[in-house]
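By written order: A, B, C, D and E. Residues from 1 in each chain.
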Amino acid sequence: MANNTPLLKVDNAGIQFGGLKAVSGVNVELFPGELVGLIGPNGAGKTTFFNLLTGVYVPTEGSISLNGERLNKQPPFKITRKGISRTFQNIRLFSELSVIDNVKVAYHSLAKHSIPSSILRIPGHFKGEQEMHEQAVEFLKIFNLDRFMDEKAKNLPYGQQRRLEIARALAANPKLLLLDEPAAGMNPQETQELMKLIGFIREKFNLTVLLIEHDMPLVMGVCERIYVLDHGQLIAQGTPAEIRNNPKVIEAYLGEEVS
Amino acid sequence: GCGGAEKSGGSGGSGGGDTIKIGANMELSGGVASYGQSGVQGLELAFEEINKEGIDGKKLELVKVDNKSDAAEATNGALKLATQDKVAAIVGAATSTNTLAQVQIATDNKLPLITPTGTNPDITNKGGKVNDWVFRTCFIDPFQGTVAANFASDKFKSKNAAVFIDTASDYSKGLAKAFKESYTKNGGKIVAEEAYVAKDTDFRATLTRIKSAKPDFIFLPGYYEEVGLIVKQAREAGIDVPIMGGDGWDSPKLVEIAGGKALNNTFITNHYSAADKDPKVQDFVKAYEAKYNETPDGFAALGYDTAYLLADAIKRAGDASPEKIKEALAETKDLALVSGQVTLNEQHDPIKPASILKYEDGKQTFDSKVNP
Amino acid sequence: MLKVEGIDVFYGNIQAIKGVTLEINEGEIVTLIGANGAGKSTLLKTISGLLKPKHGKILYEGKSIAGKAAQTIVKQGISHVPEGRRIFANMTVEENLELGAFLRKDKAGIKQDLDKVYELFPRLLERLKQQAGTLSGGEQQMLAMGRALMARPRLLLLDEPSMGLAPLLVKTIFRIIEEINQTGTTILLVEQNANLALSIADRAYVVETGRIVLSGDAEDLTASEQIKMAYLGGH
Amino acid sequence: MELIQQLINGISLGSIYALIALGYTMVYGIVKLINFAHGDVFMVGAFVGFYSITILDLTFFPALLLTMAVTALFGVIIERIAYKPLRNATRIAALITAIGVSLLIEYGFIYFRGAQPEAYPADVLPTEKISILGVSINSQSIFILLTSVVLMIILQFVVHKTKIGKAMRAVSFDAEAARLMGINVNNTISATFAIGSALAGAAGVIFGIYYSKIEPLMGIIPGLKAFVAAVLGGIGIIPGAMVGGLLLGVVESLVSAAGYSLWRDAVAFIVLILILIFLPSGLFGKNRREKV
Amino acid sequence: MTILKRAKGFWLSITLSIILFAVIQFLINGAYLNGFYINTIFFMGINIILAVSLHLIIGITGQFSIGHAGFLAVGAYASAIMTMKMEQPFVVSIIVGGIVAAIAGLIIGIPSLRLKGDYLAIATLGFGEIVRITFLNIDYVGGASGMQVSHLTTWPWVFGCVLITILVIRNFTNSTHGRACISIREDETAADAMGINTTYYKVIAFVIGSFFAGIAGSLYAHNFYIIQPSNFGFLKSFDILIYVVLGGLGSMSGAVIAAILLTIISTFLQDYPETRMVIYSIILIVMMIYRPQGLMGTKEFTSFFKKKKDIGGGPGDGKQHTVA
């Protein structure tokens, strides 16, 4: 956090669905290397906020910039190539593709071989594919998924699918990683492993991470700062300790005490 | 791809044994299946009759293939008949396009090809050169169109005619072309030229257009399935002028579809009429009704005639080799068929007289006879 | 009330449940805990008739219901709130509740139960005409439970009702589960959040890879070191 | 005046499309199957109606009801034999089966009775030509328009307000959850096919009376047009099918009226594609973005 | 290592193909095969090209396109104009057929960017019909009567085109570009989020697919003596769709096998003209009921020989299921 220019700067961003202001007037700044939490009641607009950042939805107000470059109206794939990558609340793997191919797809935008070179099978193709393969195996090893390499993604156990989604997101070479409820459906034991993994990849890949979770021990345990959304608006931000004791947050989200 | 279908060619030649194999490559399924089916029914009836006596002790055997109303399938079927079944001649197809798809194959394999109802001039004659191996039983288009034009000008003193054609059909287009030429030569004016595609059912929009062009005569060369609907809808739309068409109209279904009243003041040119008192025609109609429980249409009649045209040629040839059959076919002269006295000219097209028939309360009545 | 004896359940060739035996008594809250893919949901689906066991017996009030069609089982008083809520998102809240009472013909009783559901979940009353798909996660969970209650079940099967819910809502939902139980409905509860589940349950079964590996009083299990390590996050 | 006449022509053509499209879109919306055999059930209905009028000597209403009963049963049989085994297959696999069923009905029919057309007797329903200010309207086309509007309202009511309709929508959205409500999924789907096919049968009879000519392949083009109308209006949306059908009819008539009758279908498809580009879920389809 | 192994497989298949080519050429030259069988083999080849090209669009990229006959028509007419009106050699006409069809593919690829599922299906079907009706109305190509075309298609041409089609589409599929297409089929939103330019790859799939459909059109036009718009109606598109689905969505070998099998069945049924369509439709229904996943499922032919799977796999997730 030595750096003082934010990696991500969200200025007054918002989106409306029909009459519903799902997100409005949100200001968020993330600095390189931070691990930040985003919490809030169901339907507060957390996932929608991710969708704004990744270009799935186009903001109806405000601006979003990454490293000073405006992202508004950029298609999702371009935003990903600029350095924002994500996982989904409901797992969205390429279920018929093998585990390693899932990772390779994310690596695609870094590939150097062209369509003609693949069709003609000139050496450039083999070199490109080989490099891709090696990289993908690398990622899978980090997540301890290499043993499932040739398995179809849909055949993995649930927890492993969640990990694969993170591995895939990392393969797109992001600067900012967005995780949407990665611990959902995991038991406390698995959640703890996940916590360690998130910490590890942040160090290893020098990432900034924004994390949505309802699992308070996880959020409070790993995040350095936390934003709280309610009804599409930020109602609080601060360190875990501050958030834990913020009366607004307690009322809207946590209930009397945190377990 | 890997082949898997290579068996050795079929057995049995066309000359040997006591049957003569004749192929029928017709539209038994697909868009115009009703035409092909009628044709085949006519053929089968005739084959039955011919085989009662046989031709010089030999029987005719019909080998059918279905071309699905598709030119590619027609090619394929013709190849099968030629190289697999080794027939002595091919009958087919019901429509011009599917016949054209077979012309080259008939020529390459030296097999006579007779289309019962393909009216496109190109079939028998390409670029001014007669296709040696190809014949037809039906009129070619120009004749009927000219007759209709003269009828309009002479009988109705018509000056402003509308033409409504089926663009999917060479037959319809050919008739219309001849009609327009003769009609304008007679001093008339074509005030509306509209088109539809076979299998359409709703013609009201186009008829409204025709109506506002105020024609005093409508030429409607098409097949009875659509013509019936058109005449019905035209009368409903208040178009009362005379309407005329060709042999494609001829079917009792026309009356059922259009209704007898709507058909009043309509005329057709035809080579045959199911109502004709000629015993040859009456015998055919009776036999057909007995076998199929329906009245024959023009496709059935011409299919039937094609069988007799072929049988006559084989008889005269005295030998069922394709070469001989072809030669005999080209010399067909004054053969009495259901569709009239047929002589094939040097273009391999039949010359036969046409009758003009009039519909009166659902019945065809004879109006006049025209010679080519 | 419900007795499951030695059932085996297969997905194609894969055996998901291997000889499971368990028992639920009238008025209890029984919870099933276990890792992802242990077979908890499969067990519930088998009881409610969505899946058929290959071997074994399921007795409900003494009568066999194994392999019976789902609608017969619902009619006999077992309602299942499936994993992931599975509400009919394209219909209104009200229609969802009406569908819950699909098999019932007693208009008055239905009305009565509707009122009871509104009492339990006042939020639903506020949103009767809203498309269910636009509800928030917690509201959807309430709707799913309300819908199941409309069948007037005597045994309620709940599959991970706290999944994806904010902490406040998790508490609300668990409070409601207890309330439902107190009005006389027996509950079989599947939960990842084992701490919470054990805190309201009378008894619990631990499922691992298709087998019951442990069972007992909820309090005893909460205290067990083994359970603490494996399912309660070790602290 | 001619323009008004043409609009009326278009509406009467369109109400035929709408009539067929109603059943199409219902089955399509509930079962998510592009039932290409719908046009052929329509054809079977036309023939059943024809035979009940000519052979059984029934009058219009009894013939219509008998036809609807027969085609309803026919629809259920098709579903049970050909579609039910594919409940868990991909939609596209079910589509291929539907194409197979469509071919089977067409050519099975041709095999047994030949491809020749048949004509309805002219006196089944009275025809009155009504002329107002030079614009002529056939009383039958008014009848058809009214029938389709009434059927649309009934269908909309059935699907949205009745218990069976709610069961249908529940099954369509999530069959497994529907089973947990105590809904018999098989019976519900059968009911859907029965209603859809009965409507197709009714459309067949009305078509037969209006145009008089019927033949075994008559279902192909109207079936396709009904599919287009259903998509145009928004898949599964009953009033959408009605409007889609009418729009299609009017567009076709206006194109013919302008003298481009041969381009009629092409223009209809261009209009369809353009509308879909701007409204990717049809005229009435909720253009709901997928929630991620 | 893997590269070497792949190369070995490559050379093996090349050798096998050459042998197949030579054997059939020998049978044709020696007149061991009669014209009917030769024609059937040509037709088979054309159908294989059509099936494989549609496989790329539907099976790999997941774009539900049911207007493939439109591209076939464009290729057929474009190439026929080349040989019959412009007096160009056959090879030029084949290439032009492919290119013009590819341009058509580019055009229809554009609505596909906004449309999905059934809405895309009806748009592509409409496109096919628009193409057909357009040719119907152009007198230059004979309108409804069609256009007579010389017979120029020979075995080396058919074989060469089939081989190139299969190689190009296989090579495309088994590369990062093919994976990009499959990821679109599997989950477009996720593909987009992973940095795949989905627009680009959807259009590319349409362009490549229609290019080869156009090539098939050239061979078709020059094999059947005459082409007419009614050859290219939506029922023709359905035939091609059937190859792809019956073979197994996502399996190229499946598409090839289904094309071969159905061509043979159809040819064999020529002997039963009255019942052929009835039998054909029953076969179709029965096959789909017993193998809804298609003949090959999602597997490739090669996966029976080697352990390592080809990339591929078919679409088959729960979201696509019908209730019926």
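Following the convention adopted for this analysis, a contact is a pair of C-beta atoms (placed from the backbone, for glycine too) under 8 Å apart; a residue touches a chain by one contact, two chains touch by 3 or more.
Note that the structure is predicted; figures quoted are calculated from it, not measured.
> Taking contact as defined at the start, I'd like the list of chains shared as neighbours by chain C and chain E.
Touching chain C as well as chain E, we find A, D.
> Would you mind checking which pair of chains has the most C-beta pairs in contact?
Result of the pairwise contact count: D-E comes out on top.
> What chain is the most remote from chain A, judged by the mean position of CA atoms in each chain?
So the farthest one, by centre of C-alpha atoms, is B.
> Measuring centre to centre with C-alpha atoms, which chain is farthest from chain C?
B
> Measuring from the mean C-alpha position of chain A to the mean C-alpha position of chain D, what distance in angstrom results?
Chain A and chain D have C-alpha centres separated by 47 Å.
> Please work out the Cα centroid separation of chain A and chain E, and write it as a whole number of Å.
Centre separation, chain A to chain E: 40 Å.
> Could you tell me the distance, in whole angstrom, between the mean C-alpha positions of chain B and chain E?
Measuring from centre to centre gives 37 Å for this pair.
> Between chain C and chain D, what is the gap in Å from one C-alpha centre to the other?
So the centroids are 43 Å from each other.
> Got the chain A residues that touch at least 2 other chains?
Touching at least two other chains: 56, 88-89, 92.
> Name the residues of chain D that each touch 2 or more other chains.
107, 110, 262, 292
> If we count contacts the way the header does, which residues on chain E are in touch with chain B in the complex?
Touching chain B from chain E are residues 20, 24, 27, 32-37, 39-41, 43-45, 48, 136, 143-146, 148, 151, 162, 220, 223-228, 230-231, 256, 259-260, 264, 267, 270, 273-274, 276-277.
> What residues of chain D sit close enough to touch chain E in their complex?
30-34, 79, 82-97, 99-104, 106-108, 110-111, 171-172, 175, 185, 189, 193, 224, 227-228, 231, 235, 262-263, 265-266, 269-270, 272-273, 276-277, 280-282, 290, 292
> Which residues of chain C touch chain A in the complex?
33, 35-37, 135-139, 160, 163-171, 192-196, 229-234
> Considering the complex alone, what residue numbers of chain B touch chain E?
Where chain B meets chain E, its residues are 1-10, 28-29, 31, 64-66, 68-72, 75-77, 79-80, 82-84, 96-97, 100-105, 108-109, 120, 122, 167-170, 173, 197.
> Considering the complex alone, what residue numbers of chain C touch chain D?
Going by the criterion above, the answer is residues 48-50, 69-71, 74-75, 79-80, 82, 86-91, 95, 98-100, 102-103, 147-148, 151.
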